[in-house]
Amino acid sequence: MRKISIIAVSGIFLIMGLSSLGLAASTKEAPKTIKVGSSCSLTGPFGSGGAMCKAGYDIAIDDINKKGGVFVKEFNKKIPLELFLLDDESNMTLTVSRMETLYSTNDVVAYLGGFSSPIHAAQAPIAEKNKVPFLMVGTYLYSVHQKGYKYNFSPFPKSPDCAKAVFELLDSIAAGQKPKKAAIFMEKAPVGMELGDMWKSESVKHGYGEPLYRDQPREMKDFSPLIMAAKAEGAEILLTGPTTPEGITMTKQIKELDYNPKFYFAYRAPDPIAWGQALGKDGDYVVLGPGWNSGLKFPGVKELNESHMKKFNRPADVMTGPAYACIQVLAHAIEKAGTLDRAKIRDAIASTNMMTVIGPLTFRPDGTGVVVYFCVQWQKGKQEVIFPKQYATAPFIFPMPKWSER
Amino acid sequence: MSSHRKNIFLGLGIAILLALVPLLTKRNDIINIMVLIFLYICLAQSWNILAGYTGQVSLGHAAFFGLGAITTRILWVGGYPFLMAFTTGGLVAVVFALIVGHPALRLRGIYFAIGTLGLAQILKITVGNILPTVADLPGDYIATYNLIPRYYLFLILAVIMVVVVYLVGHSKLGLGMVAVREDEEAAEASGVNPFRQKMISLAISSFFAGLAGGAFAFYQVSYYHDLPFSPTWTFDALLITFVGGVGTIVGPIIGAFFYAIFREFFARAFPELHVFIFGTLFILVVLLLPGGLVEAVSRIRRLIRAKKTDTGFS
Amino acid sequence: MGKQSKTPLLQVEKLVKSFGGLMALFGVNFEIHPGEIFSVIGPNGSGKTTLFNIITGFLKANSGKVTFMGKDITGLPPHQICRQGIARIFQLVKPFHQLTTLQNVMVGRAYGKDPATNLRKSKEEVVEILNFVGLGNKIEVVASQLTMAERKRLELARALAAHPQLLLLDELMAGLNSAETEIAMELVKKIRGSGITVMMVEHIMKAVLGISDRIMALNIGEKIAEGLPKDVVKNQLVIEAYLGK
Amino acid sequence: MNLQVSAQSLIFGIFVGGLYGLAAVGLSLVFGVMKMLNVAHGELLMLGGYVTFWFFSLYHIDPFLSLLPSAFVLFLIGMGLYKGLFSPLAKLHEEVKIKNSLLIGFGLSLVFHNLAIRLWTADERSVSVFYSGWGFSLFGLRFPFIRLAGLVLATIVILALQQFLTKTYFGKAIRATTENWESAALMGINIEKTSMVSFALGAALAAMAGTIVSVGYAIHPAMGLEWTLKALIVVVLAGLGNIGGAFVAGVLLGGVESVSALFVGPYMEVVGLVIFLLVLELRPQGLFGKRSE
Amino acid sequence: MLEIERINVSYGDLQVLWDVFFEVKKEEIVALIGPNSAGKTTTLKTVSGLLRPFAGEIRFEGLAMGNMPIHKRVEMGISLVPEGRGLFPGMSTLENLELGAFTAKGRNCKEETLEQVYQLFPILKKRKKQAAGTLSGGEQQMLAIGRGLMSKPKLLLFDEPSWGLSPLLSKVIYEVIGEINHSGVTILLIEQNVRMALQLAKRAYVIENGRIVKHGDGRNMLNDQHIREVYLGTESV
């Protein structure tokens, strides 16, 4: 009797599970929608980045569907896009499961990225395995593109772009004012090491000498051991990559310890608009490389900002632009391919050569985007593009004023 | 014993049924969620041996899972045959368990729980620092990656795990473990060496946690090396076992189904509120069924029985 | 009257135990001979249970020596002492609550002296023991469902299943009514009859006097009398300690 | 590494440690009185931080002024949680109680996490007052006002709590309940009420820690778990139910971590944990725990 | 004053009291005697509210107590000196005593009662700053009794006041119990040391296996054949 009820209960679970999966339809008639999927972090530590991406996807799809959708030659009609976005709870195993769900249940023609490098590291091979074109933003991770994957594309800067651009920016400083000695604090994690090592060699290459290099422990709450070391060494260039909450704490402590680097670059931490809200004027002068900025003059940016304004009462966030561009690239590729066949869409993406909200875009054979690397600086509570010069919305302020002189 | 035979037939039946799943569906998401369920069963069941049967609530389970994963992955990708890498993973976890077992098992109750949590965290941070790279597979592995063998590996592992727990539960060894859990002094007075029982149970627990880690390393294509050491694996095992029914053999199984399927179901149905909804459901289950989901099973059973004998009463 | 052979089964010498500053046992000496029923009496807090706990290894004595069958067992852990052939019951019974009576007793059988390796084969013997203590009709009952008196019997059965040569009974009769006490006394006699030496701590005088071969009286950690029941009970020190002046 | 750098790191480590301590004290109080393990403690801390953030961004109330109001809000929430979710567990057997309180705490942490995202978005927040970053120097060492104030306030709160627990009748009732709830009930102490107030106090203490975190560090909806884990380790390090000890242990751990970060970098947490394990091996009852017979 | 009517009590599935009944009149000393685990402690716990009967009724001063919580019963004037003393070992002697006076009534005349307790047990005054857990057995018992008195109870329940005490100390404690009774406090006690209890008690009830089997005058009981057999031994005295 007991065993039967156990079977009954597990049966109920199974049926619930299976029925919730729904049944995938596969006919040759024109589908009602073109399905795209994203396993994105809405909860957990990557939740804030995930939310920025989601906004970009939503607005872009809205914009396209307002015009009736994407024209697919195979069916000779415009078909609207439909986004299936599942929360992966910032969990690297759940995200695999969600990717499979999107593939099997929702039968998506393309994947869109989530947010953060560890999540993408887990997602990329799934796209490759399922042979679904995958467009990802919100990660600098370069190594993932060096594995010969064919379905992974990223219209987003990668570690080498950042390493190069940061030192080009430094080189643009007048000879007499050039800062001396760099301090690098990076997490011992794939991106941290990748970018940290590149900065290290760029520093030597560009004549700034061997930098002070410190591994930043994860979930650090007190950065004084790092800051004091940099201060003691007289490092005038600070290059680092904390998470946003860590970066907020670090900046507060830099001020408290009266450490005055002339140049302060942080990847990822100052990206969200929350940086400025959280730090106020103390967040100013920090330079970041977010891949995009709402002040850029590329076509479509203005409209994107307006839509974002309507929804969230502020111009689009840094991840929102690249996320929007993903949809632009995808729509363009589908139209070019004229079919919903994933392999053909993949080929169309690979041959992308178009203007997007993040600027002109093509892809290298490894799937990384040939994108403009924008250096952005927080100025008066706003993110301003300062590099490359032709896109600048404001001049680069250097050196960063001393805390006592602000 | 006829109940023995019934149990074995029932188990076999379910296992065969599950073995047929990949033949009935080509859908990776179903296969995938089943893999997740089997993984949870292995994790929870191996934790259950130590916590449920022997009464030692450990929060360091992720350490064994992680050791199994890292060993298997490195050896396998390094070119050794998978089965050898897989078994070595389990053994490395056991060796670690034997080393830390002596000092750790001297601690009692919450001190043991938090102490083992500390141990696991040390290992996680150390691994994260020594191997900060992505543990990924060479491109040609991915080209040939197939979920089906993973499915069967996990299924077989889960079945073995359940069988082992069943056998241990019905053996002299299991009797001694449960005696230690129920009353350490009384067990000692009856000739049971509590420390030995705890050590054996820790060894079994860590071996299977290590194997589960190895299977994970075989399944998950690409991840950071310290991911399998993350405390969430421990908490998953604990929550699944507790919510299913600790110290029972069906508890972790029901718990794993509940935990994986409901979470997946809500995540699909309510992308923005699923965590809230699942949390609420979880609290409700705990408040209404303090003995775990197995209690629901026994309540249903009682209900059925009450219906049958209803005539006489009231 | 017990048969007094030359080598004692259990020999306790100069046992001293203190908790913090409190002296619980102060140089206690005694011997138990094979086949006898030896009782320890004394008011609460006189050190009887402490004595039991030291003999069975649950407490470490500050000094002194315990010899069992000519072998020094001082300081051995409880499970080894059990395997040497000393089993005990606890004053506050400690059944394995979630296990059936059969499983409870099986623990003793599987881990005590001459441990069983095949549980199924020893089931018969365990059932026999359960019958012996009068729980034959409760084989599949979970221990938490038993009454207090039944739990005592269960505890006794579990101890017997460990095949002891010496059985230590801590207040076996406590909580039993006169009729049940009679039955328990018969049981103890039968146990002794089967060749097991019995040492017991008991409050119920009727029982102590009825079945003991020898009695030792403790008061505040010291031995105040030892001898035949009829002598000990007339000892003035014992009367004062036990019943008040 | 020169002495000044080490000393500076030690000072900053102590500032963080004060927070570890404050977070642990609330958890310890709840565990001591009720034998319940509230793993949603970190989420209560997070809520406290957000309440402070709310006061600051909506009404421009200085976070140090809103310390008590935030604590009060969480006190009320704590009372509600106890009444609704935890009091049914009070009558369960001790082990089942710990287990089920842990499970409910887990469910709660999910609920609060998601709720915070809906209410405040997943963005990271921090309260920056006009005087943040200000401070004074002593022997070449920097003492920022906000961190000093945080530590001083935490110390005052703990001292006040100690006074409350040792000097007032109600405080004594809480301690009595911790030591022996049956006897406490026999003294005429209302156990249900004492438990509820202790739980609410635990939540209020978490809120104060949250307030200080929101000023000197950053808050975000996912921050709960790491604080819960840290608090758990500190509670056990100090010895269960030892309230003043938990604070001291927290300060010690914070100091050790920061100084060791100078020498072992990313292994800094390992140093703290190794010390923790050594303490457990040598003193299984914790640093300040009493040995029970 | 206290009327117990056929109460039945169980621990989970295990019933331990069957139809236990007795009464205690104002200013009486009543003893409840019986072998270990006969249900004496359970009875006291039920009276004080730590356990609830599933059948039967307890009335105090004519008021049915039903589901009244423990602390309300203390406020009404029932105080228990529990088995094994139940002190707060980490708190000082004085704090233990103060907690005894937790009720409003107790608090009102705290200082006064404290003086009385110190008079009964002068040693407690000397030990007032010492943690209760570090006191000797006798001192702990004194503290437990003193604490019981602090709430100004009308009815004081003693669970084995001579537990773990030397005969001499037991005697002292018993004298004090007598004194307390003289000051107007009604007393219900359970005791292993039957002779002592019966000498002091006005009336006594015998409980065996969870049932009341006998009751009568305290001193007469000392000569009762059954009592002598069961508790004092046939051959002794």
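A, B, C, D and E label the chains in the order they appear, each numbered from 1.
As a working rule, a contact is a pair of C-beta atoms (placed from the backbone, for glycine too) under 8 Å apart; a residue touches a chain by one contact, two chains touch by 3 or more.
Worth saying up front: this structure is predicted, and the values here are computed from it rather than measured.
Any chain bridging chain D and chain E, meaning touching each of them, is missing here; the list is empty.
Work out the mean CA point of chain A and of chain C, and you get 74 Å between them.
Separation between the centroids of chain B and chain C, computed from CA atoms only, is 42 Å. Centre-to-centre, using mean CA coordinates, chain B is 51 Å away from chain E.
Separating the centre of chain A from that of chain B, both taken as means of CA atoms, is a distance of 35 Å. For chain D, the set of residues that touch two or more other chains comprises 113-114, 266-267, 269. Multi-chain contact residues of chain A (touching two or more other chains): 42-43, 188, 215, 217-218. Contact with two or more other chains is made by no residue of chain E.
You'll find the chains touch as A-B, A-D, B-C, B-D, C-E, D-E.
The residues of chain B lying in touch with chain A in their complex are 6-7, 10, 14, 27-33, 36, 125, 128-129, 132-134, 136-139, 142, 145, 216, 220-224, 227, 232, 250, 253-254, 257-258, 261, 264-265, 267-269, 271-272, 274-275, 293, 296-298, 300-301, 304-305. In the complex of the two chains, the chain C residues touching chain B come out as 56-58, 77-80, 82-83, 87-88, 90, 94-99, 103, 106-108, 110-113, 115-117, 119, 158-159, 161-162. On the side of chain D, the complex with chain B involves touching residues 37, 85, 88-89, 92, 96, 98-100, 102-104, 106-111, 113-115, 118, 229, 232-233, 235-236, 240, 266-267, 269-270, 273-274, 276-277, 280-281, 284-286.
Remark: chain C residues 22, 43-45, 144-149, 171, 173-178, 180, 203-206, 208-209, 220, 230, 233-234, 239-241, 243-245 touch chain E in the complex.
Residues 42-45, 47-48, 50-51, 90, 187-188, 214-222, 224-226, 228-229, 232, 244-246, 248-249, 252-253, 255-258, 272-275, 277-280, 282, 403 of chain A are the ones that touch chain D when the two sit in their complex.
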